[in-house]
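Labels A, B and C are assigned to the chains in the order they are written; within every chain, residues are numbered from 1.
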Amino acid sequence: MNKYKTELMVGIFVVLTVAALLLLALKVANQTMSNEGESYTLYAKFDNIGSLKTRSAVKLGGVTIGRVESINLDKDDFTPVVELSILEKYTGFPETSSVSILTSGLLGEQYVGFQPGFSFDGVAELKDGDYLQDTKSALVLEDLIGQFLFNRGGDEN
Amino acid sequence: MNSIAAIGASTLSRLAAVGRAGLMLFGALLAVPRLKNVPLTVKQLYVVGVQSLLIIMVSGLFIGMVMALQGYTILIDYGAEASLGPMVALSLLRELGPVVTALLFAGRAGSALTAEIGLMKATEQLSSLEMMAVDPLRRIVAPRFWAGMIAMPMLALIFSAIGILGGHMVGVDWLGVDAGSYWSVMQSTVEWDKDVVNGIIKSLVFALVVTWIAIFKGYDSVPTSEGISKATTQTVVFSSLAVLGLDFVLTALMFGIE
Amino acid sequence: MDNLVEVDNMTFSRGDRLIYENVSLKVPKGKITAVMGPSGIGKTTLLKLIGGQLTPQQGDIRFDGESLVNMSRRRLYAIRRRMSMLFQSGALFTDMTVFDNVAFPLREHTRLSEDIIATIVALKLQAVGLRGAAKMTPSELSGGMARRAALARSIALDPDLIMYDEPFAGQDPISMGVLVKLIRALNDALNLTSIVVTHDVSEVLTIADYIYILADKRVIGEGTSEQIRNSDSELVQQFLKGQADGPVPFHYTAPPLEESLFGGQS
């Protein structure tokens, strides 16, 4: 009887652990993202990526449509190339679409903002492996302050 | 001259103790393949795991709640309260989960292990096992060691999960952080292999150290009431220090270099 | 005569402290051999040496003709199944009932079914008069009962040799009488060989077939009860009669009192 109680309690312990693990896996670390569906790859070159990281979100109007798969440096012109993994269900963006690196809140995470371009005749859709031409780099606070000071200095003279 | 000799002697005796601890663990680990030991390990899992469960869950809940409260008051100044989720989750998964669990485990289960084995030694139960041709390393030490190794990561996972829920309770339900952003920013920040898995690895290392110290201190204790109480205290002190020291090393190895 | 245990010129020291020097003794099969001596002489150590838990620095210890010194661990464990030891405290496992304690060696070392184990345990407990206490835990037993329960556990595997470590220490006269009777009865009924380590002179003289008296790191007297009683060794007589002063001095070795009290002034 006592032995049964021991086994029962250990069983509850194991179940609790599995529940904790599931919570961490699904709700906290969102392990499902990579399995959520097929995805295709787009590339974007930026002058400066700020503190963008792998697995940062790619968002369109607040909807997460993909993730940053990897960040590399182009071997020829030494600019950062960001590999974006976009979910297969979000497809058909025109070539004129643009991406920019945005920040959520003042100190928040950086993410890739996706802005679909206008679609008219002669503009193809983005396909797997395409490069996005229109990119806006991350805002670097130091540069902004530098510009601000420079402008002020100019005014006074 | 005498003091130098004394330092030398105490160093040597400490080294010998480390050697004995190693031999003990080695002897216990040789006992892995015995099926007979599985029910014994389950029983120890109850003693070290289930009996520590309540203190772990309550502590986890409160630590998560406090972190949400503290984090909120700071983050709100920068309008970054959406980062509350990742702040709570990352601190729990990377640090507080494994470390606080290990400290509580040392105090709750570690000291009990030392006292139990020390008492078994004092009442000649270990000797008597040996005379019955039953190896106490296999019968007593091995099941307790494996139970500790299994229970600690489980407890740490439960601790972190409950802490995150506690943070949600305070941050979202009471302070009004948006529930969607609590979870989604957490999801985009927390990485499975980097944060969760590293936390589990930390926890496994702590489990090894704490359980090892606890069992060895009991096994090597002077079998008197004074000796056992001293060994019990040493278990808590040594394993707490070892956990905090190792935590720094592990953190440097895991998260130090981006 | 056949000897089950033979100790040959054995020297043992713990750290710097010499405990035995050139001790030799023989334990004949089927007999009760008593080892007596003052407290702190290391009598328990002797049993641990015979049990192979400690190894002598010099000399040899043989069990049934086989040397225990430098024996492989596996062989030693096999031999230990043929011997058992009754510890001073009983050393019952506190987390098990009396029944489980007695069943423990059977479950560890045999593949008997639970039915047969239950039968054997009942018989062993009956032999020590504790069949009614099978469901009790060790903490509910009195000291004498705990020792009897431990005795039942010691004989569970029907060993050849049983070693009693101070079986009479701290027992009331009734428990003592019960234990004396049990030791003799078990020895004869199960054809055991017994070694009794004790300092209770009168009890041992009534049951022991052969007696060794240890003191000062060596054997100071041996013989049957009769021979021991008539020994002309002062040391043996002091021990038997319980005199306060004699060859074993009342005072622990110390400088003369005058010197330590007035030494500083002179």
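Here is the rule we use: contacts are C-beta pairs under 8 Å (C-beta built on N, C-alpha and C of every residue); 3 or more make two chains touch, one makes a residue touch a chain.
Just so it is clear, the structure is predicted and the values come from calculations on it, not from any experiment.
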_Central subunit by CA centre of mass proxy_ = B
*Computing the C-alpha centre of each chain, which chain sits at the greatest distance from chain A?*
C
*Provide the C-alpha centroid distance between chain A and chain B, rounded to the nearest whole angstrom.*
36
*If you average the Cα atoms of chain B and of chain C to get two centres, how far apart are those centres in Å?*
42
*How many Å are there between the centre of chain A and the centre of chain C, using C-alpha atoms for each centre?*
77
*asked:* Multi-chain contacts only, two chains or more: what residues does chain B have there?
replied: none
*Partner chain C, residues of chain B touching it in the complex*: 119, 123-125, 127-128, 130-135
*Spell out the residues on chain C that touch chain B in their complex, using ranges where they run on.*
48, 51, 53, 77-78, 80-81, 83-85, 87-89, 91-94, 104-105, 108-109
*Touching residues (chain side chain B, partner chain A) in the complex*: 42-43, 45-46, 49-50, 53, 75, 78-80, 82-83, 86, 89, 93, 151, 154, 157-158, 160-162, 164-165, 183-192, 195-196
*Could you please specify the touching residues of chain A with respect to chain B in the complex?*
3, 6-7, 9-10, 12-14, 16-17, 19-21, 23-25, 27-31, 33, 55-57, 64, 104-109, 111
